[in-house]
Amino acid sequence: MKLITAIIKPFKLEEVRVVLSNIGVTGMTTTDIKGFGRQKGHTELYRGAEYVVDFLPKTKLEIAVTDELVEQAVEAIIESANTGKIGDGKIFITNLEQVIRIRTGETDREALS
Amino acid sequence: MKLITAIIKPFKLEEVRVVLSNIGVTGMTTTDIKGFGRQKGHTELYRGAEYVVDFLPKTKLEIAVTDELVEQAVEAIIESANTGKIGDGKIFITNLEQVIRIRTGETDREALS
Amino acid sequence: MKLITAIIKPFKLEEVRVVLSNIGVTGMTTTDIKGFGRQKGHTELYRGAEYVVDFLPKTKLEIAVTDELVEQAVEAIIESANTGKIGDGKIFITNLEQVIRIRTGETDREALS
Amino acid sequence: MKKFLDTAIFSLVATGFWPTLAYADQFNAADTAWILTASGLVLFMTVPGLALFYGGLVRTKNVLSIMMKCFAITSVVSVLWLLGGYSLALSDGGSWQALLGGFSKLTLATVNAHTVKDNLPETVFCMYHLTFAIFAPALIIGGVAERMKFSALLWFVALWEILIYVPVCHWIWGGGWLSQLGVMDFAGGIVVHTTGGVAAMIGAIMVGARHGFPRVPMPPHNLTMTATGAGVLWVGWHGFSAGSALMANGSAGIAMLSTHMSAAAGSLAWMTIEWFRFGKPSVLGLLTGLVAGLGMIAPSAGFVSPLSGLVIGLIAGCVCFFSLHAIKRRLAFDDTLDVFAIHGVGGIIGSLLTAIFASEALGGIGQLADDGISGQLLAQAIAVLSVLVWSGLMSYAILKLVDKTIGLRVGASDESLGLDISLHNEQGYNY
Amino acid sequence: MKKFLDTAIFSLVATGFWPTLAYADQFNAADTAWILTASGLVLFMTVPGLALFYGGLVRTKNVLSIMMKCFAITSVVSVLWLLGGYSLALSDGGSWQALLGGFSKLTLATVNAHTVKDNLPETVFCMYHLTFAIFAPALIIGGVAERMKFSALLWFVALWEILIYVPVCHWIWGGGWLSQLGVMDFAGGIVVHTTGGVAAMIGAIMVGARHGFPRVPMPPHNLTMTATGAGVLWVGWHGFSAGSALMANGSAGIAMLSTHMSAAAGSLAWMTIEWFRFGKPSVLGLLTGLVAGLGMIAPSAGFVSPLSGLVIGLIAGCVCFFSLHAIKRRLAFDDTLDVFAIHGVGGIIGSLLTAIFASEALGGIGQLADDGISGQLLAQAIAVLSVLVWSGLMSYAILKLVDKTIGLRVGASDESLGLDISLHNEQGYNY
Amino acid sequence: MKKFLDTAIFSLVATGFWPTLAYADQFNAADTAWILTASGLVLFMTVPGLALFYGGLVRTKNVLSIMMKCFAITSVVSVLWLLGGYSLALSDGGSWQALLGGFSKLTLATVNAHTVKDNLPETVFCMYHLTFAIFAPALIIGGVAERMKFSALLWFVALWEILIYVPVCHWIWGGGWLSQLGVMDFAGGIVVHTTGGVAAMIGAIMVGARHGFPRVPMPPHNLTMTATGAGVLWVGWHGFSAGSALMANGSAGIAMLSTHMSAAAGSLAWMTIEWFRFGKPSVLGLLTGLVAGLGMIAPSAGFVSPLSGLVIGLIAGCVCFFSLHAIKRRLAFDDTLDVFAIHGVGGIIGSLLTAIFASEALGGIGQLADDGISGQLLAQAIAVLSVLVWSGLMSYAILKLVDKTIGLRVGASDESLGLDISLHNEQGYNY
């Protein structure tokens, strides 16, 4: 199993969720984060003290999937989260050694179904 | 070393923390997240515009542990976070290549003690 | 590639970001989290009901880097985030199997440049 | 009732309706005390009342832009009022008195501490009316929230104030042609709510819907803020209604009671409908019904019995609930904060109902136009219709002009980023 | 002091205490101006004052449910007041005047713009008293917060208003048996705080403790909201206290000063105790002492000297601090927002202290009952005790009835999910 | 204008400026009604007005500490006012009347419901002035926010009140030497804004800059809170200005209108400058200009025409904008919330401008000192200078004393943790 971590633009979340559901992903976890990258932040102004805010609000999506779903899921995310503008975000893939469903104690494939 | 990531119901946090402390876990990190899964969200109503909120507030717990503690920690979490109702959450286990304590530069086992 | 996850004191974020930029890290992701560890929390008081708040506000930094940058990045974080006081935080290193840039579909090294 | 009292007061005094009225060219200090207070209360309705009410309803990224607009409108309108608005609205227009006031009070140069207007120092009279002139355009921003340019809005409001509010105020409260017809508008059902409600609708249509509307849910970002604003509106409205008696007397008392009952009944009506229809009553529903009740009673507050106030509130809760849902369903336009459905519809229906509930048989003070209910209904209908057409057409013309010159709307990426950062380089919250 | 002035006023006038009082059947416009204002101020105490104060103290997931209750209570009580509450509380009851008012003012049909009540238009008198009738039951929700059903609360409040508030108001301010005993209650120490405080305690016991109480800490979710509410309460309370003079005169001035001093002293007392006991003074502590001071001075505000107000505030801060901690420690019940410890205890002690501090020797206006302090103390004790028993028993009976029919409490999972979503399908915040 | 009216009133009455004034030893009920209200409004400016305005501007971790200070100052000053402040400031000082009041009103023992002060019950006069005595020191905390100890602040404020506010108030409003010079200060440009602004600067310097200043950006944590506070300040300021007429008359009306216009113009001026200079207008800029306008008009509000009010507002917006930026750039000291740049500079310039704009040629009421503008300008300059020096020196001395004894500032780690937790064991928000 793999853990897919995607950093996306917040207003894309709903779209991504729908697309992932369609290909059979049954669960995911999202976090409000702030990202720093090539996309420039904005300037803020407080009583004349101008300063640059480098960190931009993004949404982090974590999706645990079985190996055979990885490729499809990544493609789905790329397609739905892409706006073609800088700052669309990144996808990270790490290996998941085990997954357990707390309620039932089921593991791995069963835990993800 | 392993990184145990547990998604649990927010009101279970205190209980889980106590149980983990008891088995010798000395630190952990928590994040407020929103989860999507089999548990149904609720409907919200704004001036007649009804819509479904799919994402539910959950708490993510990240615990770095030495290999020998993994099993015990997982069991402790399952026991204390379980309510038997849908939405209790998941546990993910990934491999940790290195752990460093910033203050002292100690690594791995020392960093976790 | 590796994913470096660092838990640091919130007011150190700016310093760490600058140092990392200097050594060539082009992006990072931050999350407001609450940490539990050896650093003692504080007591709060509400109409005489005193209780201890164990979880302290920390910032989590996630940085995906190519293998050759790992050591340098870790050192940079240690140096800039260190206050010498308890609660300075931890660094976790995990293996990253793949990185993809959503906008272009570029992967790995290209995605991180 | 304002200035129009001049023409009607004597019959009322004769019938014993206004118990104490010293009609010298000396002001009445007690009335002054009350109207000083009432001015503060109506100002309170806009800043921070409406700023909070509206601010809570938009998304986080636009909260400051809404609050900014409330404050900026207050400032711009105040300056215009001093320069010429007051004079054109409420001074004597001489030969064109039917249409507009005169120039004698431009810059308020001829108004000072000992100028008296009926029972009040003219400064106080001028200040009190200013607070109404502020509230009306502030209402409008609810219709165009989350996408209209700040500069465009300021131009629009400035022109709107002079071309719509000022003349309509004159027609009804300044002795103009509608007041001569005997039109009854105690606290602005026509002057404030109809003018503003219609303009909000036109604005919403011309600026266009927000991106994503109505597919993407855009829930209020902070309902506690909205509730706070609603509380401020409720309290402030007592200055709006009871102040409109321009005296500290039983008429003010009736206006306060009727207004209060209408608000209470409006909120309960809306709550009950939601409870039956959706299974649960919502805070926002209750507050919306409350504001609907406040808006609908405005034209008749001091003319009707408290019990009639209650009935008007019930009508307000029901009618505005259905008008809001009808508009939402037909999706004709994105009136973001439902200004037309609540203030427009409420103001119009309320103005017509005034003709009925003012009847002495229902405990009211009686109609002012000839021929009782039917005559008054006719007068009210004429007033509502002409104001509706005037505000609609002129709002359209102004918006067209502004659109052609500086443009009405921010760009798509600015809208998506949020107006707070894109227009003001600020964020509401930095927790 | 309200209606009871009728019986006592002449002696005061004779002694020169009330400098200007035109006792014709004409109202006094200056007094009217002030009471119109004071009505707004007391309404402000509930919406949004108490809504903010209480709202900030609960957890995020229940904030709207608290605010909703404040607004809904305001609406429901207003309608009841119009339909019959006012008539039963404050009109003449004829042969059963000792117990209850009459029916002559039902639906306020006989109240209009020229009806006069002593020195005020009756509309204004009625409106002012309504704001008290709203505040009392709104206090109660603090005791049952975070778990009581909305529907159950509405039924409870409606019945409570009619069966408890209205009669007690009549007994003390409507010329009923307690007023005939010479009981002194300037601004509602008994009528508002004792009735409400006791009901909150009974409610807290009968609804039961929140899940997890007292093991799980349930800290306030937003103390800035609570502080804002406290500020509104402080300002609004000046309408509550100084308005209760029902005139714009030195008695109102004394009431405002004494009240202000009591609030100040209460907050400093609480702060100091915390500082000594816990090492640090807390905002919530200071605000709680403030409210305790405001509550305890209510019965005596216009009767005592400002310096006595200060002393009463010191007593309030100390007594309520210890009553709160005693209740918290004994854990007898989960009075969520400590309504009984503050308003109940404060109102009761304050009502008794009135007998002492009203003494002319202490700069007060003197006792109204015979035999000076001891006689007055007896009268006050009788009043407190009977109201305590009446409110306690009747609250119990009503809650029992509501429990048997629709149930008092939401289910465990709804409570854990939070009342905002489970009862109202809304969330306070969507940042 | 306050007490100083005593000496100046007769000429004004003779010129017909004050239309109704019953100069008996009977109070005027209408004036009383208005000043009761105005007292509430000015109290409202501090709690919760300033608490919100300042609270929103600091960082999350210090929000409660700011609000706490506003409330605690209100309480402490109230108690001091009762014990002796009022007597020393506003009672007759006999042979040292030029410098300080007397002891006859200590503890307000000789003030009761039938004591009259000119046209008001003395209780009301005393209460109204108390609200000013509260607002002045509350302003100061903006200069030392986010680092000063709570205990140190309380000591400082208590001493400051007695050693600075009370004498200055006496000099100008209590019949002291400055009032004898004919100094004009309608609503506290010198008494409140100059005293407070200077003290804030001295405080900021002596406490030292916050860690990280000016390198680390420290943006406001909640600008909606600040906007709400600004709205409350705007409304409350009408009590501050129009209340200072101490009557419900045309002078109050002029004060309200001029103040309102100054606020409007100040906000527009600041907004416009920002728009040109930074490309975008900010909410905080607009609100800052608003407050600058309110502050600068304070000394002249009731003396000048509404149009002059507008001009004064424009000056306020421009002057304070540049003074703020000059101070920020020179980085001489960390006046956290820019109290000196806005209130200090505004109050001083406004007090000098009073001499000009009060001219009858500009629609004002005329100068009080001899020799027209130049004579008045001299009087104003003397007043401003002596108050500036007095407040500066004494503030320095008090702070030095407090520093030597208990220390002014929290430790570095407490500052980094935030004052809410380190001083009060609380957090603003627990979402």
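Note that the chains take the letters A, B, C, D, E and F in the order they are written out, and that residue 1 is the start of every chain.
Rule of thumb we're sticking to: contacts are C-beta pairs under 8 Å (C-beta built on N, C-alpha and C of every residue); 3 or more make two chains touch, one makes a residue touch a chain.
In this text the structure is predicted, and so the values were computed from the model without any measurement.
> Going chain by chain, each one touching the next, work out the least steps from chain D to chain E.
Minimum number of steps from chain D to chain E: 1.
> Same residues or different residues: which describes how chain E and chain F meet, taking over half shared numbers as same?
Chain E vs chain F: different; shared/all numbers falls short of half.
> Centre to centre, by mean C-alpha position, how many angstrom separate chain D and chain F?
33
> How many angstrom between the C-alpha centroids of chain B and chain A?
About 18 Å separates the centre of chain A from that of chain B.
> Using mean CA coordinates as chain centres, what's the gap between chain B and chain F in Å?
Distance between chain centres: 52 Å.
> Which residues does chain A have that touch at least 2 chains other than itself?
Within chain A, the residues that touch at least two other chains are 31, 44-46, 94-95.
> For chain F, jot down the residues that touch at least 2 other chains.
Only 28-30, 33-34, 37, 219-220, 222, 228, 248, 278, 280, 282, 284, 425-427, 429 qualify.
> Which two-chain combinations qualify as touching?
A-B, A-C, A-D, A-F, B-C, B-D, B-E, C-E, C-F, D-E, D-F, E-F
> Touching residues of chain D toward chain B in the complex: what are they?
214, 217, 219-220, 274, 278, 280, 282, 284-285, 288, 324-325, 328, 338
> Any idea which chain C residues touch chain B in the complex?
Per the touch definition, chain C meets chain B at residues 2, 6-8, 31-38, 54-55, 58, 60, 74, 77-78, 81-95.
> Along chain C, where are the residues that touch chain E in the complex?
Touching chain E from chain C are residues 44-51.
> Under the touch definition given earlier, write down the residues of chain E that touch chain F in their complex.
Those in contact with chain F are residues 16-17, 19-20, 28-31, 33-34, 37, 41, 59-60, 219-224, 227-228, 230-232, 234-235, 238-239, 242, 247-254, 256-257, 260-261, 263-265, 267-268, 271, 278, 280-284, 286-287, 290, 302, 305-307, 310, 363, 365, 429.
> In their shared complex, at which residues does chain E touch chain D?
Residues in contact with chain D: 26-30, 32-34, 36-37, 39-40, 43-44, 47-49, 51-52, 55, 63-64, 67-68, 71-72, 74-76, 78-79, 82, 107-109, 111-116, 120-124, 126-127, 130, 150, 222, 225, 228, 248, 423-431.
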